[in-house]
Every structure is written in structure tokens, then in C-alpha cells.
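So, here come the structures, one by one.
Two complexes, one shared chain (chain A), two partners (chain B, chain C).
Right, the complex of A and B next:
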């Protein structure tokens, strides 16, 4: 009884106190009231999450990215065929979120597998190649598990793929990292339990200017030759400048830069296709 | 009488030798002209008559028309169990029936329908061909093929044919001219083994070798496989399943590969294979008419095909 009256009196004082303070936090009132009412620690009421609306970030400033498989190859096929394929690709993208990623990013893919326990398997790896155009577009993920190098080629639009997450979004100096097969294993190892690294949807994609150290020769391909045009290997550690210069001179094809039939300017096509795809995705 | 003196009678008046300026037509000539018109329409010879021909029901053993399509290219498809198959996309562009020949006129066994596909410029077609198209009232076509058809499946010349004529789950045969390879040797053309690359072979690595038995026949038999022009001949791929039909753009998704280069003109018809001739599907007979059958969905899918709008497949 005395406790009650005491509690009530204290409550009244606290109410007056709060009234004067003009209630900055309703939680303060209720926890203090409860504390004085019964001698138990108050139930934790989590604070309401503040919603931050960033008015500086408009849709125009988010990165314009068109996945490379939307760009049709040069050939004599009717553009109508690519139009039909693009419709199917957009339908699949509405059902499954295929994020933006580049060669050199680290991805985690869960796929339906009849022979695996739980019927799905998850693979984490670094993307070394993005090939194919249209619905048959593929990407190859590489990782080293228990000392064994593993590469898996996934089809972007296959119905067996359940999720694709980008753990680390970055670009590398080359668009094809097949030389990682002949590089030291540390460059291809990716931790399967890696936490996703946060990245912003605006601004430039970070370019990792890493130059990779190679295993001793022979390699699976002659990566030093100019046809591959690789920037991401430490050639100074594998061969002398004289050897490098010899190889670059012998296998150079200086006439290719003047070959008009090899020119394929996709800028206008890209813009049209980007506008079309954005429209379809926002429907 | 006055109703008939419109443009219809004008052509008949021209036939009678009157030009449009002389309007003094005797009544007897006019009556004769109208009688010819009526007789010709009754005999279905007048192309200006707009009535559709009577439709018959499907019976056991009846064959229906095929289509003329263009090969667009190939694409992957997936089934509901996650298996991947390759399909060829064929587009039915401006397919019209051009001429109907009855059983007696054609060969005494079955009627024939000439079907044309893919409009082209009249400058690239001969006068004889242009006459055919003019009689049918149809723009000039690049390819005209003949389909042997049963009597209950004849269609009036001038009717357009659409991709919805075929339904998913059905099997078709596709005929086209294969890609021309030019003059080719015996190894590429007939798959001969040739000779070893080394171990003393003198100037003989891809030659045919022996050409026959020897002294007894003392000749080379007719039809001996020898080098020659390869490709650019009509080849048929049998028993191809139709996975999907797009009725808006008239595109057929047909299983596997098909002879011919991209954008070539092909002839598509129902299979002749006895094990793939299923009557359960009830495809439109004699053909698909937009007015009579009403609106189909834009995309018709086969039962086991994975549609891209569905969520991902979970195997169990």
C-alpha cells in the first residue's frame, strides 16, 4: 500500500517533470513508470528504426548497367529473334533477381541439385568469365576447395538457379581471368563463409588493380602474347624484358587495328536496348 | 439490276469489248453478263466472290495443310525438371494459300494446295508466277510449295495461314534446302576415312582409294560415292516436337536443329511418322481461323516446358 502510494506520488512528479521537458522520448516515460510500479527490469522495447530518405540520390545517378548478354553479336540474324529472346530474359529477371556483377566479383550461387542434401547446393567463387549472348548466357565461378581448384559454369537464365548474390562487387584489369588457373592458388581462393561486402548502387565500380603472380611456366595458354592483352599479370617476375619484347613483337598483328570488318560499334544499339529493358522491367 | 451495275459488272463489260466511256449497253447484253457472273460464282471460279468455302470435320486418315516459315535462329529452353534442350525459332511470315487443285486434276489420289510464304518484290518473280498471285489476290511470295491434302481439308485460295495452325506438343517435319558446301571431296561429302598422314604415303591423304570390285564387273557401278557438289539439296528433318507457339508474332519453337541457313524459307507440315501422330491434341482442322476460333493466349506452351515467369525449379 505504501509502495503503491509512493509509486503514485513519484509517478505524478515524474509526469510533471516530463511535461516540463516536453516529452522528448515516450520510452523514457513508460520505462520509468514501470520501474517505479514493479521492481523488475523493464521489458526491452527496441527503438523505432529511423527511415532515412536520401533526397540527393536520384534514379538518374544510380549506375547505368546493361548486362553484356543483352548486346547481340554481329551477324546476319534478324534483330527480331533477339527481341523475342530479350522478352524472355526480362520475364526471367522479374522472377529471379540477377544482380549487376563483373568479371572479378565474388558471387554466391544456390542451385537446385537432385543429388545434394537439402536438394540445393551453394557455391562461392570469383567470376572469371562471362560468355554467351541471349538466354544461353553463362558465367564461370572459380574457387579452391581443400586444395583442389574448382570451376563451375552456370547459365544465368537456367530455372535451376535459385539465388545469385554478389558478395563483393569489383572489376579487375581484364575482362577474362582464365589466367588464374596458372596463377598461385592464393589468388583464386575465396572463403565460402565470406560476409557480403557492402557496396553503393551509385558511383563507379571499384577496379582492383591487382597484378597476379604466376606459377612457373609452362602455362595452359601463352598469356604473355598480345592476342590476350592481359594487364593483370606480374610478367616482370616470370620473364625478362627481352623475352617479353620478343614475344610481343613476334606475335603482334598490327594490321588488326585497321581491319574495318572487325569494327563493331554497339553504342547506339546499347542505348536502345537499355531503354527497352528498363521500360519492360519497370512495367 | 441497278445494284449489279457496280464495279463487278464493269469487268464483264470490258470482256464484252465495251470501254468505260460508252454507257449505252443493251439490256440483253447486260442480262447475259449478269448470267455469266452468277454462273462463274456458282462454280467458284470468280475470285471476287467473298464467301468462305464450307468447312469439314476431321476424320481418320485426313491430312491437313502445312505452312511456309522462315528460320530465325536457335535458343535454349528448359523443362520443368530442369533439363535443357535447344530449339529452333521459325516465324510464319505472310503465309497464304495460292491455288487449290482437286484430286482429279492433280494426280488422281489426293488434292493439292499450293501455299506461298514471305512477301517479296514483284520485280524478282516471273510473269507466270505473278499470274498465280494475281489470281489468288495475294502479294508476290518468295516460295510456293505444294501440300498433298485430303479432300475434306481443302482451303479457299487467298486464306492466310498462321502459326496457331500448329499446337504445342505436336510433331512436325521440316523441309528446307541445306547449306551449300560447293564441290567437296569424298571425306567430307561421304565420310570416307582417307589415308594416314605419314608412314610413307605418297601424295594420298584424302583420296577415295579403290572404286569397285575389279576385273569381274570391270566397271564402276552407277551411284558410286565420289567427290562432287555437296549441300543445296532439299533435306527433311522428321518428328520435331513443337514446344511453344507465339500467336501474336507467329513464331514456332521447334525441337532441335533444322536444315538450312538463318533466314531461309522452310516447309513445315504434320509428321508422317506413325508413332508421333497424336490425335489427342485436336489441332485446328483444316486450319486456324482467327474469326472462328477467337482469341488464344499470346504464348501457348507445351505441358512440360518451363515458363520464365514461374519461380525457380526445386528438385525433389
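Right, the complex of A and C next:
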């Protein structure tokens, strides 16, 4: 009795298994349904496309961002030169993922170095400047190691660069943080073993409204003068308001705001180049 | 050490050096531009006319944006030192050049100045001004024999066509 019930149970489970096997494949289901519906040859149903998840490339940001080195500078050079450079830049970007970053973000760069053990060296630092246009675009990373301030200027499209990771994506109040050389060292120190801070691929980039405390004067440049237009320094701790007002008044150039020769409107160029680069990258 | 000597090398510089410095240059150009907007045809030295030409065209571009635009109004009130010319710019000059996208000014050279400096002179004008043209159009003389014969021929033809 027990044996036959066991056998029956096995039979039942096997039937259930077969049934689940039958209905797992939708093609099978479809064909079987049709066969039961009418006695016609089953219609060809193409198999479902496989979903490839590329785990090596991190999720691309859906922010509309065009790297500043794509925008050509004002000048009399032939636009064809910049077009050729852009093509090469896109080719390099397909080989190496250059992420979106701004001045003030913390990056980690591994570069090929013949003399280092393991043939690579890794440097972590805060980006203080992004210069150059085209293939010669550079960015300067600053960090303080063992009490010594170190700045390394990397070329974005150099073949020696193996990875660029953004550990912390943020913007600062200025587009040029060279004044960190004259600021207190705590503002330039970045932990080399810092863990990447997660950031969302959508939405606004966070602006760090940090105002930096400076070392006593003299500084490498007169950062208080209006030509630099720096927002991110605590001037009230360095000089009196009267001194600040004096300097701002003396070195002010109020006519520069109205000088039409100095205007360079890049909005249309940017849109064109953005569309072009997106097209090339998606090919 | 700075590898570029910004003050001595002028590669790619578009602005001429005029007057006592950048502020003086802008003030001079402002005065000339105000005179141009008032009189619509002025004569100055060649270099000044060439510099003002760029600013004159850009001012018209701003004026085309309309006087409700804040930036356009600020530009106009900065560049025109005589404030009664601001409405003239927006109401007379901007509509005149509505159809044109560029080329609002014309520059022509004049004989050198009579002074000791013999400076190169030029006349700068806004197109569409009420004065007689700078390059007068030469009309053919109707009283020459060939022109009279042709005139007669044309009249005969029109009479034949009318019949």
C-alpha cells in the first residue's frame, strides 16, 4: 500500500515536473496551444533576445554633461582640426571610461609606470583645475602626502592612464581651486584609501559651499583681487572689510562687463558638439 | 617662471591698443560710437573706425533684442553717453536693420588728414542713412548719340507692341 502510494506520488510529481517543463518555454506553450486550437502548422515565433548586462561599465549618468575639453576655444584655427581631435577623443573614450567630474571632485587615477613595482601607480587627489582643449586636455590633482603637498597634472587622453575613478563627485564655488596652495593643509588632504562615495547618476551635482581658511599672507597670487572672482575663501578672517573694499575698488575693471569683444557665446556650439559626441559614442 | 610673456607677445590679440590703457580705449570707443549713433556718418582715423565698427554692429545686435531686455538696456546705456540716443537706437536703428543679420555699417577711406601727422582717415556710417551715398552711382549720359538712338528704338518697339 505504502509502496504504491509512493509510486503514485512520484508519478504525480513527475507529471507536475513535465507540465512545468512544458509551460516554461513560451514557444512550446504557443505551439501546443495552436496545435490544440486548429490543425495548422505552428507559426514561427522568434526566440526572446538575451539580455546582456555589462557589469564592467558602471551605469552611465543620465545627466546632460559635455566635458569642457570638447568645446573649441576662440581663435582662427580651422574647425576641422577640432573635428579630427574630437573623433580621436571619442575613440579613446570608447577604450577607457572617462567619467564625468568637476573641479572639486576627488579622483583616483592609476597610470602605467615602468619604474614602479607592479608597473602602475595610483594617485588620489582633489581636482583643482581642468585645462586645455582637445586631446591635450589636462586635470591637476592635489593631495598632501606625509606633510608634503603634491600636485600631479594628468592628460585625460594619455595612453598611460589606465583607470580614472571618481571617489566623490561634487562641485565647488569656483572653477579653479589653485588657492588651495595657500590654504591650510587640511583642505587639500585626501585619504588615499578613501572609499568611493555613492552618487546618483541623475539629478543635480552637489555644490560644496565650503569657504576655505587661508594661511597668513603673502599668498602665491593676490586671490582677493576681483580678476580671480573667488567665492570660496574666508576673506573676513584674512583681512578687514575696509582692506577688502579698497582692493576690490582699486583693481576693478567695471568696463569689462560691457566689453562685447570679450564675449564668447558657446551655447549653440555646445549643443551641436554634444549631439555629435553622443551619436559617435552610441555607434 | 612664466614661459609666455603675455605683455610682449600679441599672438591672437584682436583688440588694438588705443589711448592710455584699456579703460581709456573703451571710453574713446564709447565717444565715437555715441557720435556715430547721433550723426549716422562720422569721419575718424582708420584704426578707430575699424575698432568702432565691431562694437557698432554688436550694439545693433543687442538693440534688436528689444528695450524690454535688461542686458540690452544696460549695454545701450553704457555705450551711449548721451542718454537721448538710447530711444533712437531702439526705435529707429533696430527696426531699420530687422531684415539684415550682419553688415550694418560701411567704412570707406578718405584722403589723409591735413595736419602734420598725415593720419589715415576713414568715414564710418550706418547703412540706410539719409545722406547722399558714399560711392555715388554713376548714371549713364542720356544725351549721347547711341543712347538717343537706343531710346528711339525702344519707343518704336513699344508702339508696335501696343498696335
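Operating definition for what follows: the second predicted complex is superposed on the first by the 222 of 283 C-alpha atoms of A that agree within 3 Å, B and C clash if a C-alpha of one lies under 4 Å from a C-alpha of the other, contacts with A are read in each partner's own complex, and residues count from 1 in each chain.
Basically, contacts are C-beta pairs under 8 Å (C-beta built on N, C-alpha and C of every residue); 3 or more make two chains touch, one makes a residue touch a chain.
What you see is a predicted model; the values in this text were computed from it and never measured.
With both complexes brought onto chain A, simultaneous placement of chain B and chain C is permitted, the two fitting side by side without a clash. Once the two complexes are laid over each other on the shared chain, residue contacts for A:114 go to chain B alone; chain C is not touched. Contacts of A:85 after superposition on the shared chain: chain B is touched, whereas chain C is not. Of the two partner chains placed by the overlay, only chain C lies in contact with A:258; chain B stays clear of it. The partner that reaches more residues of chain A, of the two candidates chain B and chain C, is B.
By the touch criterion defined above, A:94 reaches chain B but does not reach chain C. Contacts of A:64 after superposition: neither chain B nor chain C is touched. Looking at the shared chain after the overlay, A:134 reaches chain B, while chain C stays out of its contact range. In the superposition on chain A, A:159 makes contact with chain B only, while chain C stays out of contact range. Figure legend note: chain B and chain C, brought together by superposition on chain A, show a least Cα distance of 10 Å.
Put simply, chain A uses residues 75-76 to touch chain B in one complex and chain C in the other.
Within the complex, the chain B residues that touch chain A are 72-73, 75-76, 78, 82, 84, 89, 91, 246, 249, 251, 262-263, 306-316. Against chain B, in their complex, chain A makes its touches with residues 75-78, 80-81, 84-85, 88-89, 91-92, 94-96, 112-114, 119-120, 134-136, 155, 157-162. In the complex of the two chains, the chain A residues touching chain C come out as 75-76, 253, 255, 258-261. Per the touch definition, chain C reaches chain A in the complex via residues 12, 14-15, 22-23, 26, 54-55, 58-59, 62, 74-75, 78-79.
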